[in-house]
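A, B, C, D, E and F label the chains in the order they appear, each numbered from 1.
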Amino acid sequence: MVRSVFMEDLDAFTYRERVADGAPVLIPVGSIEQHGPHMPLSVDVLLSKAMAGAVAEHTGSLVAAPIVYGYKSQQRSGGGNHLTGSTSLDAATVIATAKSLVLELARHGVRKIAFVNGHYENYQFLYEGVDLALGELRLAGTQDVRVMLMSYWDFVDDDAIAELYPDGFPGWDLEHGGVLETSLMLLLHPALVAMDRVADIPPAVLPTYDLLPARPEITPPSGCLSSGAAATADKGQVLLDRASAGMVTAIRSEFGM
Amino acid sequence: MVRSVFMEDLDAFTYRERVADGAPVLIPVGSIEQHGPHMPLSVDVLLSKAMAGAVAEHTGSLVAAPIVYGYKSQQRSGGGNHLTGSTSLDAATVIATAKSLVLELARHGVRKIAFVNGHYENYQFLYEGVDLALGELRLAGTQDVRVMLMSYWDFVDDDAIAELYPDGFPGWDLEHGGVLETSLMLLLHPALVAMDRVADIPPAVLPTYDLLPARPEITPPSGCLSSGAAATADKGQVLLDRASAGMVTAIRSEFGM
Amino acid sequence: MVRSVFMEDLDAFTYRERVADGAPVLIPVGSIEQHGPHMPLSVDVLLSKAMAGAVAEHTGSLVAAPIVYGYKSQQRSGGGNHLTGSTSLDAATVIATAKSLVLELARHGVRKIAFVNGHYENYQFLYEGVDLALGELRLAGTQDVRVMLMSYWDFVDDDAIAELYPDGFPGWDLEHGGVLETSLMLLLHPALVAMDRVADIPPAVLPTYDLLPARPEITPPSGCLSSGAAATADKGQVLLDRASAGMVTAIRSEFGM
Amino acid sequence: MVRSVFMEDLDAFTYRERVADGAPVLIPVGSIEQHGPHMPLSVDVLLSKAMAGAVAEHTGSLVAAPIVYGYKSQQRSGGGNHLTGSTSLDAATVIATAKSLVLELARHGVRKIAFVNGHYENYQFLYEGVDLALGELRLAGTQDVRVMLMSYWDFVDDDAIAELYPDGFPGWDLEHGGVLETSLMLLLHPALVAMDRVADIPPAVLPTYDLLPARPEITPPSGCLSSGAAATADKGQVLLDRASAGMVTAIRSEFGM
Amino acid sequence: MVRSVFMEDLDAFTYRERVADGAPVLIPVGSIEQHGPHMPLSVDVLLSKAMAGAVAEHTGSLVAAPIVYGYKSQQRSGGGNHLTGSTSLDAATVIATAKSLVLELARHGVRKIAFVNGHYENYQFLYEGVDLALGELRLAGTQDVRVMLMSYWDFVDDDAIAELYPDGFPGWDLEHGGVLETSLMLLLHPALVAMDRVADIPPAVLPTYDLLPARPEITPPSGCLSSGAAATADKGQVLLDRASAGMVTAIRSEFGM
Amino acid sequence: MVRSVFMEDLDAFTYRERVADGAPVLIPVGSIEQHGPHMPLSVDVLLSKAMAGAVAEHTGSLVAAPIVYGYKSQQRSGGGNHLTGSTSLDAATVIATAKSLVLELARHGVRKIAFVNGHYENYQFLYEGVDLALGELRLAGTQDVRVMLMSYWDFVDDDAIAELYPDGFPGWDLEHGGVLETSLMLLLHPALVAMDRVADIPPAVLPTYDLLPARPEITPPSGCLSSGAAATADKGQVLLDRASAGMVTAIRSEFGM
């Protein structure tokens, strides 16, 4: 069979061997969400999967099939779920999916699990799913499953930020469709990026609170919260290297590898 | 941007144009499930997505990102969910996912939706999700959304079956990991098939009822319910052509295209 | 007290003796669903209960009170839930009911449980309920509860079918309100059958997929999917004998009796 | 077809005529609960159904198929759910069942619905189910469905109580398995009553609060909270007449008949 | 730190000492519900908290932070939830809250828990929450948590009733906004009572059943079901003393203190 | 009656007048969570309520009774829910509570609602509750309810931060039990603060990801993530003034007042 870190590419017999060897399993979590006129709806799926793949290569981990659909896009971090194309799940469904995957992997014998999140809005719901799963495992007497929750941008260090954003860093919340994601996509899936369609706008100025229902007028027409015009594949390489290196270190440390 | 029938490859602006033109949206539904030693865990995702893609090309439809994880594998149709590698969701989560996707697509303005199912066990739960979504749309005064539910093998006609199974057809329920799926994988993803690992066994003999918890001894050791040894890419082509042609006809007929 | 295989007729003290003796418990599952102009809404309740009663007599089992309301009638197997009279539950409620009954019987000390299903649409939801219950019992350290899931018509063998349908068998899915159910009702509850109201129609021709919302025009006006005109009490006796004999064999085999 | 007030005995076509005529529908709600050594587990199903039948005869109503399984038996009104034989549902399932039945009957066109409850513990959960159903109907613009909730013993007037309990009335909460239920069963289902097995005990003395888990020692060994020894079929007739008359008056008054 | 029986006033370190000493924890349960023109919306919160406080002083217990919002006001015991100001939760939320609090206190090491209910409509839903929590604790092997459920008025004895209601007792169900609650509020929170706004009406005459949707005309315009005009702080003292004394006795008896 | 901005202090008649005048309603959301050895478990309830009260005074708003119990404490923002004393709800319960309160206030006629959150971990679950409520209101044809979500510390501006933290600002996530909360408590509830019990530690150094189950060793023994030693009532006044002023501005702007 193929040699792959991606669990979904492996046959069950090969997968069982890897699990028996104690391989951690990384679960990419994305979303189907508008990412402006220059990138596809699946950016968060593609990037979380690529990040997980890079981390898996260096940690002997497997990458589970991604959670494709995520929690609702919010106006302050993703443009808002009122935008056509963004296709999202309720909190209860995200929670239940995360819970089930932890329980299923634990049933397989996996003891080291990490979610590699690529969509800000998912985080707290993944947390709840993991917490519920671990509670249920405790009822069953299983105490040794450990689960990490990582959003990949949280592993880009300050040095990299200073290097990548010489004119100032808008903050991760405004990076929706901006330099981070566009650079990574240019590196990893250039055919899916149309740089000539980038809306080169200043970073959106958004309130420090949410108002629902969404007010369409506060999201830039492109749906991006900052400009991806300065994105390059080289920056994507830096981002991929730094973020994955940070995650590799964290996983090795926590999982004692 | 790229020309693609796959919604997940499109940017939101292009997607909006296609939806405004009235394009149906097809949702592939798979599972992460063991498929024997010769095929990967993602067979049902890959095949439902390929089937939906073929149908979309001929009907002007879009293909949504797949539902990757599905309902629990059952012993009489998929070997059983006790097998390591099969990674499944509870009914409630499958139902909620199907419901949410119908509601989200309806919010986008889509009025013609079809689920293209590639995992037998999903069907009734997709049905419930669709029914609940349409009930909620009715409350909102939206009456014109129509949803088809199709399992792709139900569109392989009797002539094709006679041609493909000259020694007798074991029935779709025993086709788990058998000629149907192996042939399609040989056609579509040959690098993911290891024909030298096929377990060439007679079709499993299974009871006309279920017993839970699963009895591992009644599932063949390979996890396949019949042999894929007679599979060929040519048979895969026949299956793809016939099944997709049947679905194209059905969609055109129901959606008045 | 009365001598009865029906748990609902027994006082609790007598029931406790039977459970202490290791009696299996069979749970009939029906529906309140239109069955044409010639049969009552409760056909599936009456027949599943009668089948369970016949099986209980030969296996020393008890029959629990029936699950009266079932999952939504579907157009390809029951005419569709849009028809007035059909009174159905959501999937979540069917699942929860099945789960609770397994857990309650297990609490009583019952270790051998079988659902005797009389309404096609219930099956997958009963399966999920059983699976969830067994999962919860495992958490509690109870490993020895086993549950069978049987739809009674799946135990009518090919010889009986050939004998009962000399002009060809339409398939169980089209047997809604047809020869099978009408014959059994003529045998068991003749006062509730009006043979002069049978709609003698050819079997319905239905698609190989579902479309929701239901299209009323594809269900025959009677609500039956094939004709019950050829039904007789004698055929009912054959059906009762064969199906119950098949279930008796299965129960004895699985439950080691 | 048969002439019957019981919806479950009617064919769908006859049922539709009755609904089109504006017939109210009464839903009996029981439980499967121990009722001492002298009465069967189904007392609450049988009595709620009989009460509803009597009321239906005098109000032109139909009686829906009963809700057979009810909420957990409580120690202060039913002996407690720890007792083997009592087979109960969680609150969520009782609520969902009641909600679904209201919605289904409303879909049929029924506008006057009454629950006839025969198991004390069900009441508040039926209330919630009805409230949720009416909330959903309001969303759909349906404002004219009205639902009554009745426990049949609440319609036995003080005069009847004085007549039937010459030595003092223990209170409805202690009437579990006592004179009320035993008398009605002697009238309606004498073959299911074993008067020689009545435990002739003084009324149980129970606290004014609940303690969970149940303390088995405070429930009398018989499972009855007072003695049924003074029960007679004549008293059953008085109870049936008074309770049903009270319910008939209430229904006529509320439903303007 | 402060000396207080109220857990919410204590720092976590002090709380831990008290729990380690085996202190029971009492959970007040109220509602935000109209209580006529003369009392605030929070009467049930204030009184359940005061009752719990009084009981805690005499039993060495702690009082948890109150459950503030409760189940829907019902027309026969609280005027009905259609009244503006009454702000209520669905049954599922009340159940889940009660369940979680039991599980959280059990996690802390608390083994003696009592709910002190101040809103009639909450009771059965608290019961279910407790039952579900204890079920889950059993799965985890925790068998020694015991939970009492008390509505404080059930501990006012007949002597006190005769003394406090010389002109006849209307029944606890009609005491909504009447002498009981008004007297206790005059004693405990006189600044929140406006005796000049009491509606001095005869007790409401209500049916022995519920009808939904609510009929506003059967609730007195004040929203109170009986008059609070005869209320005095002295009566409040009697009520507080008797009810708390009864609860103290019950807790000491059940919890072996 | 009393003059109060707190809805829970008002009688229903006065409340109705205020709602009829178009008053916004602010909902404080807290938690019962350890806040070190020097502050009580109810800090988040007290502060969110005080903040809401201050905002209400300047905007003509009412303050609803608080949501007392909140989502689970997380190790990176609150020390972790493994700590005894922290008493939390599952996500589903927080979501359902927020949803219900929006629906109930909307039923009262309130059209301007704001959550004033005092516990970081609540935010995303409140968001989901609000989103679900607005979705249900849309089904009912109610389009004009608007809801703000505010965490009060997000309104402390950079100038105030520079003034209050001359030695550097640790970040809001580490402010659990630190200068912010301690200063506000010293201002508002000094009797509940024991400055001699403050653990004067450097800010905790926490990872950029979560690991579950919690690792107790990474939370400082005090349960606080930074030191409150530099807290003063004067700083509390600055914080109260700035945060409430920011919220007042936001509310006036969004609600057009």
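Just so it is clear, a contact is a pair of C-beta atoms (placed from the backbone, for glycine too) under 8 Å apart; a residue touches a chain by one contact, two chains touch by 3 or more.
Here's who's who by UniProt: A, B, C, D, E, F = Creatininase.
This one's a predicted model, so the numbers in the text were calculated from it and none came from an experiment.
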Given chain B and chain F, the chains that contact each of them: A, D
Repeat of interface C-D, chosen from A-C, B-F or E-F - more than half of residue-number contact pairs shared: E-F
Residue-number overlap at the chain A/chain F interface, same or different (half cut): same
Whole-Å separation of chain centres (CA-atom averages), chain A against chain B: 26
Length of the line joining the C-alpha centres of chain A and chain E, rounded to whole Å: 47
Where chain B touches two or more other chains, by residue: 90, 92, 139
All chain pairs that touch each other: A-B, A-C, A-E, A-F, B-C, B-D, B-F, C-D, C-E, D-E, D-F, E-F
Complex contact set, residues of chain A against chain C: 136, 139-140
Of chain D, residues touching chain F in the complex: 138-139
Sites on chain E touched by chain D in the complex: 72, 74, 81, 90-92, 95, 121, 123-125, 127-128, 130-132, 134, 146-151, 154-155, 207-213, 246, 250, 254
Complex contacts: residues of chain C adjacent to chain D: 1-2, 7-13, 15-16, 19, 32, 34-42, 45, 64-69, 83-90, 92-93, 96-97, 100-101, 104-105, 107-109, 191-192, 194, 197, 223
